[in-house]
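Chain nomenclature is as follows: A, B, C, D, E and F, assigned in order of appearance, with residue numbering initiated at 1 for each chain independently.
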Amino acid sequence: MNMAHWESLTWPEIVAARDAVVIIPTGSVEQHGPHLPIGTDTLIAEGITRLLQESTARHLVVAPSLRYTYAKLNSAYPGTINLSGSTLTNMASDILNELFRQGFSRVMFVNGHLESIPFIMEGAEISLASRENGDRGGQAQPKVVIANWWEYISDEFIDEVFGDRWPGWEAEHAALTETSLMLHLWPDLVRETDTSPRDYQRFPYRILPWPEKARPASGVYADPRGATPEIGRRLAEIVVAGLDGTIQAEF
Amino acid sequence: MNMAHWESLTWPEIVAARDAVVIIPTGSVEQHGPHLPIGTDTLIAEGITRLLQESTARHLVVAPSLRYTYAKLNSAYPGTINLSGSTLTNMASDILNELFRQGFSRVMFVNGHLESIPFIMEGAEISLASRENGDRGGQAQPKVVIANWWEYISDEFIDEVFGDRWPGWEAEHAALTETSLMLHLWPDLVRETDTSPRDYQRFPYRILPWPEKARPASGVYADPRGATPEIGRRLAEIVVAGLDGTIQAEF
Amino acid sequence: MNMAHWESLTWPEIVAARDAVVIIPTGSVEQHGPHLPIGTDTLIAEGITRLLQESTARHLVVAPSLRYTYAKLNSAYPGTINLSGSTLTNMASDILNELFRQGFSRVMFVNGHLESIPFIMEGAEISLASRENGDRGGQAQPKVVIANWWEYISDEFIDEVFGDRWPGWEAEHAALTETSLMLHLWPDLVRETDTSPRDYQRFPYRILPWPEKARPASGVYADPRGATPEIGRRLAEIVVAGLDGTIQAEF
Amino acid sequence: MNMAHWESLTWPEIVAARDAVVIIPTGSVEQHGPHLPIGTDTLIAEGITRLLQESTARHLVVAPSLRYTYAKLNSAYPGTINLSGSTLTNMASDILNELFRQGFSRVMFVNGHLESIPFIMEGAEISLASRENGDRGGQAQPKVVIANWWEYISDEFIDEVFGDRWPGWEAEHAALTETSLMLHLWPDLVRETDTSPRDYQRFPYRILPWPEKARPASGVYADPRGATPEIGRRLAEIVVAGLDGTIQAEF
Amino acid sequence: MNMAHWESLTWPEIVAARDAVVIIPTGSVEQHGPHLPIGTDTLIAEGITRLLQESTARHLVVAPSLRYTYAKLNSAYPGTINLSGSTLTNMASDILNELFRQGFSRVMFVNGHLESIPFIMEGAEISLASRENGDRGGQAQPKVVIANWWEYISDEFIDEVFGDRWPGWEAEHAALTETSLMLHLWPDLVRETDTSPRDYQRFPYRILPWPEKARPASGVYADPRGATPEIGRRLAEIVVAGLDGTIQAEF
Amino acid sequence: MNMAHWESLTWPEIVAARDAVVIIPTGSVEQHGPHLPIGTDTLIAEGITRLLQESTARHLVVAPSLRYTYAKLNSAYPGTINLSGSTLTNMASDILNELFRQGFSRVMFVNGHLESIPFIMEGAEISLASRENGDRGGQAQPKVVIANWWEYISDEFIDEVFGDRWPGWEAEHAALTETSLMLHLWPDLVRETDTSPRDYQRFPYRILPWPEKARPASGVYADPRGATPEIGRRLAEIVVAGLDGTIQAEF
């Protein structure tokens, strides 16, 4: 029985956890090429959260993950399932409202997906603003951290590990870092398949509807070859240490 | 690697699954007394879905569960996390829109929680109505089934198994059937603890704010003593057979 | 001049009524077979409210009824008019906000229609939550009761009166109890017509779009033959006494 | 049994009425001084609708009135109950959607209250726009008329009847025309009371929050003295004839 | 550098302006016949605001204009761009929330377009209501004025200047007063073109969809011939003096 | 008279412009340090649009700018005015709906502000999705480009011009590029003031409420010293050429 998961606890056990940091792993239901599963972003967030729990000295409670989020750039590929922006905003706001209402004031989204950040932040803003005016009955002012795992990776590390093969973060979808992390965290879910071709056009602007020419046929935006479980292990270690530091600093 | 979970599949594998029935396990984040975990409703829905996958002849794909839903009646107990009704409606509508857009036309919610049904049905209505007017490009008219596990249990079975101990479905929260199902499906998550007292008042009407007198101090609305894994096994078998029959009849 | 109706009062008379219980009769615009009018649910709620006013010792003010509500299960029959769930929720919330703002703190929905309850309760939750945080300027914490007439009818009464003919509440649409109540409360609106056939299929699950096979051609879900004005009178008496007791207990 | 009211009809009778003009009487829940009831606007709309039904050669069906609408200018007086603008818009849109869906394509709001017009029109725009894109399955393009009774009264009539006493329509709230119409249509609901004082300030602009100085203490914006049942009868006749002409011209 | 425009100021300069009256010029993107530009309503509001700034003794800061608003009556003419009513309401509410949050408590919409008033007022109501309950931290209760330029023009002035040519304000779209004001304020934007024909039908009711017969082919609802820059100058003077008086009286 | 601005055109002139590319300059109302005005983002977008109009061979029509957008990261500084995310999304969606409805199918946002992009894209998605299902009556499928000026600036140019002084785009708020562009486009609006100190903490995560330590006291996130009009001229040239190329490629 994992006592650190909100869903596995009983309500009297929740009462005893009110000073804990609540972690909400956050991902997407989004295509990740022919070699990675559609749940990749959530699975990375959950895998890292598991490692964080094992290594931190702090009391964490892991709330149910946000799986359905916002991944419109890849909505043309089968398998991607999006919420609309406003639904995601409201979902984030509702969940935070409920946590704050019960006296939890330390919440951290451990996030694995770029596009949904603004909508989750908007939800957090709405929830926090509604607390500001009200009477909190002596409870602490709540605080929310949105932590994206890739922001903890230094340029130096990227240079050292990937060197010339590095395509830039903007193309890092189903590519070197995500594949390495999946090989470390969820190796059984990584397919051995040809991931070589990358055949699409980049633009210094956004076009809607997003045209076919802007999409690689494989769903892989940059070459994942060179990814290894060992790189994944090192990436995970950096992120976990970073998250632990964030918790120390902010909560 | 479980190929039957949407999140574990790759996008080319999703393409190959378009005629499958998509199952969405649906639960709640809601207190279930001192002996059952907060995720009980979702865990039962997921446990039953797992058994259904093992026994059915049909091709099923299991989408990520709806965990955060609507459980306002128990919102006074710590641990319960609610979406507002409109957020849940929009979430259901958005997800169905995405499935229908990709050509999936057979969707079944396997549901373990009563209160959120109207909001999920409203979401399904909205999504289906928006398909009616549009051009479906030759795709089949989508169909949605909302299947609540308890509706498959006959009065005869209840009489036979529980007899005088049966409190009526309306009080069956964290009680005989849910506890039995959890003992069968997720035995490690059931606490051995005193579940005896039931001390609250029932009303032939609803009062808001829901008063303290209407809530049992333990969160248990009817005595779960008498629940056994064997009863859970029989319940699960009936429900799984019922769901399989529903799939045959409707899809 | 009926001084007990909000709409018939002048504003200075409303000032004098601030301690009254505000009753909001709540129904639907929904088919009720070939023998009962589309307004049946509202008419029953209004008829019962009238009897309640005549017999109670308490000061009641009857606000305009909620007529347009939520009756999606019967939306395939002509005559049914639905609000969307969110419109109904907002309507309930807006009206309660206005009552609370003016210092009315005792509100009771006398309700004749099942399906709209969750959306009205959600509206009440929203309105009450917004009062919780604000400054009420010394006014009492408002309280809302949602009273469905059928919840006051005991199983014993049903057994005694209907015996073997009782189809269960779930099929009691345009059937024995509603027809009896209409014969007592609004006899001129009950048509003498053939109500015998009942020809539809029941399912232990919900299907959307709601299929034709699940709908009786007549709109009558269970045989109303055997309904009498006398049964209606007894039902009404029980409900009125129950509502009066609720008012004594809660307000 | 009044067969012309939607709520009094059975669903088979509604089927037979699909070519009828659907009338939706529309009013407000709004203070109307010490002499007129809070439901005045709705009561006038309903009274005129009743006379219209008696005199027209066309088939009319009267849908349930919109009673709760939008009357913010008078919200400082007890008794006024407002929906928010968006709720009213959605209510109008939902109801029209349902009527159009069932094949009714002729809808007329007979309206007695100024402030809610833009929100009802917005609702009609939304509903009509959603029909434009869809497939109407051979049904007629629906049409909506919003008819305000006072727009049928000519300046000549006002001059002849009221002469110097006429305060202008902008102050005609609970004043000469409304009081006359109520004396004709619902004489029992008009109180004999002192309506003389008019003591407030007019501005060539709107101020929010609407200040006390802009509100007459009595709720009467212009002197209703001089109102008579006979004037009410003549007003009603003009309006009824005008509405009948509108129906001939538009439907 | 115009220090009186919000957008031209730096943030430290805004700090120094907190006691100023914030003016929000408000117009529309709406056809104004073959001789006036589509931005006419906004341009008049901005032109008058400019004159007001030059002549008033008070400290004004001009916020960015509301250009996109609500002009549905003219939406059949190319060039008209509408927000939906709820978007406009939310835009007004959001902007006011931000101003109030920063301590600005004096806001005046200088408005040149009729149809959007109710939606802007609704936004102001929502924003003000949300301030009422909260803790304002010692800040003044905010006040909002919506000032429509045409409400400052007396009937006497209209009689004197236009006499028999006056069509009534209801037809004053792209006609005598607007054309005069544009000739005074933005003469370069007025086309010399034939504006003579007026060929449409008026109704004492609203029809949706708004029929072709109700629209003049030219977009001009009343004859603008007779408009002069001199009349525009006098109109502008009256309005500017009126607005200045409003500021003195209210802020 | 600038015939290229939507607001300056008459409606018959709009009819003649239906094949034009509609440009919507998009900015923010957001603090930009002690030396740049609050409207900087909009002013840059408008300045660049003006240069684009002067140099392109294509027919452009400039719609009214989106000034009020989404700038929450700087909302703690006075002067910043935000719409909520959903209001901005709806505003973008409404405007595009209106353009598409009138037959305009080429729309380009020339954008100067980062944070609002996701909300505008969501609006464009919503509007385009609603067109997909409907009947377009032979009109072209509309296309929307969102072009952010900074995406046209190559790393090589940055290296060459700024070298070691370059702080990275993420800190380029009110810094080297924006100040240079303002010095070129709107030199009168740039204050000569001390912009030296930069004293704040950067985090590899987001914290809400955004803490004081994360904000430079001046509002300047990176040193703008070294900005020159000449650099601004070169930046503008690159962006204008890039936008022109985008128009050629996409429309």
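The definition used in the following text is that contacts are C-beta pairs under 8 Å (C-beta built on N, C-alpha and C of every residue); 3 or more make two chains touch, one makes a residue touch a chain.
All of these numbers come straight from a predicted model, not from anything done at the bench.
Path length between chain E and chain F in the touching-chain graph (shortest route): 1.
These two copies of the sequence, chain B and chain F, are related by a rotation of 120 degrees on CA atoms, to the nearest 5.
Seen from the C-alpha centroid of chain C, the farthest chain centroid is that of F.
Where chain B touches chain C, the two copies mostly use the same residue numbers: shared numbers make up over half of all numbers in play. Centroids of chain C and chain D (each the mean of its C-alpha atoms) stand 26 Å apart.
Mean C-alpha position of chain A lies 54 Å from that of chain D. Work out the mean CA point of chain C and of chain E, and you get 47 Å between them.
Annotation for chain A: residues 84, 86, 133-134 touch two or more other chains. Here chain E touches chain D in the complex through residues 72, 84-86, 89, 115, 117-119, 121-122, 124-126, 128, 141, 143-148, 151-152, 203-209, 242, 246, 250, going by the rule given at the top. Looking at the complex, you find that chain C touches chain D at residues 1, 5-12, 14-15, 18, 29, 31-39, 42-43, 63-64, 67-68, 75, 77-84, 86-87, 90-91, 94-95, 98-99, 102, 188-189, 191, 219.
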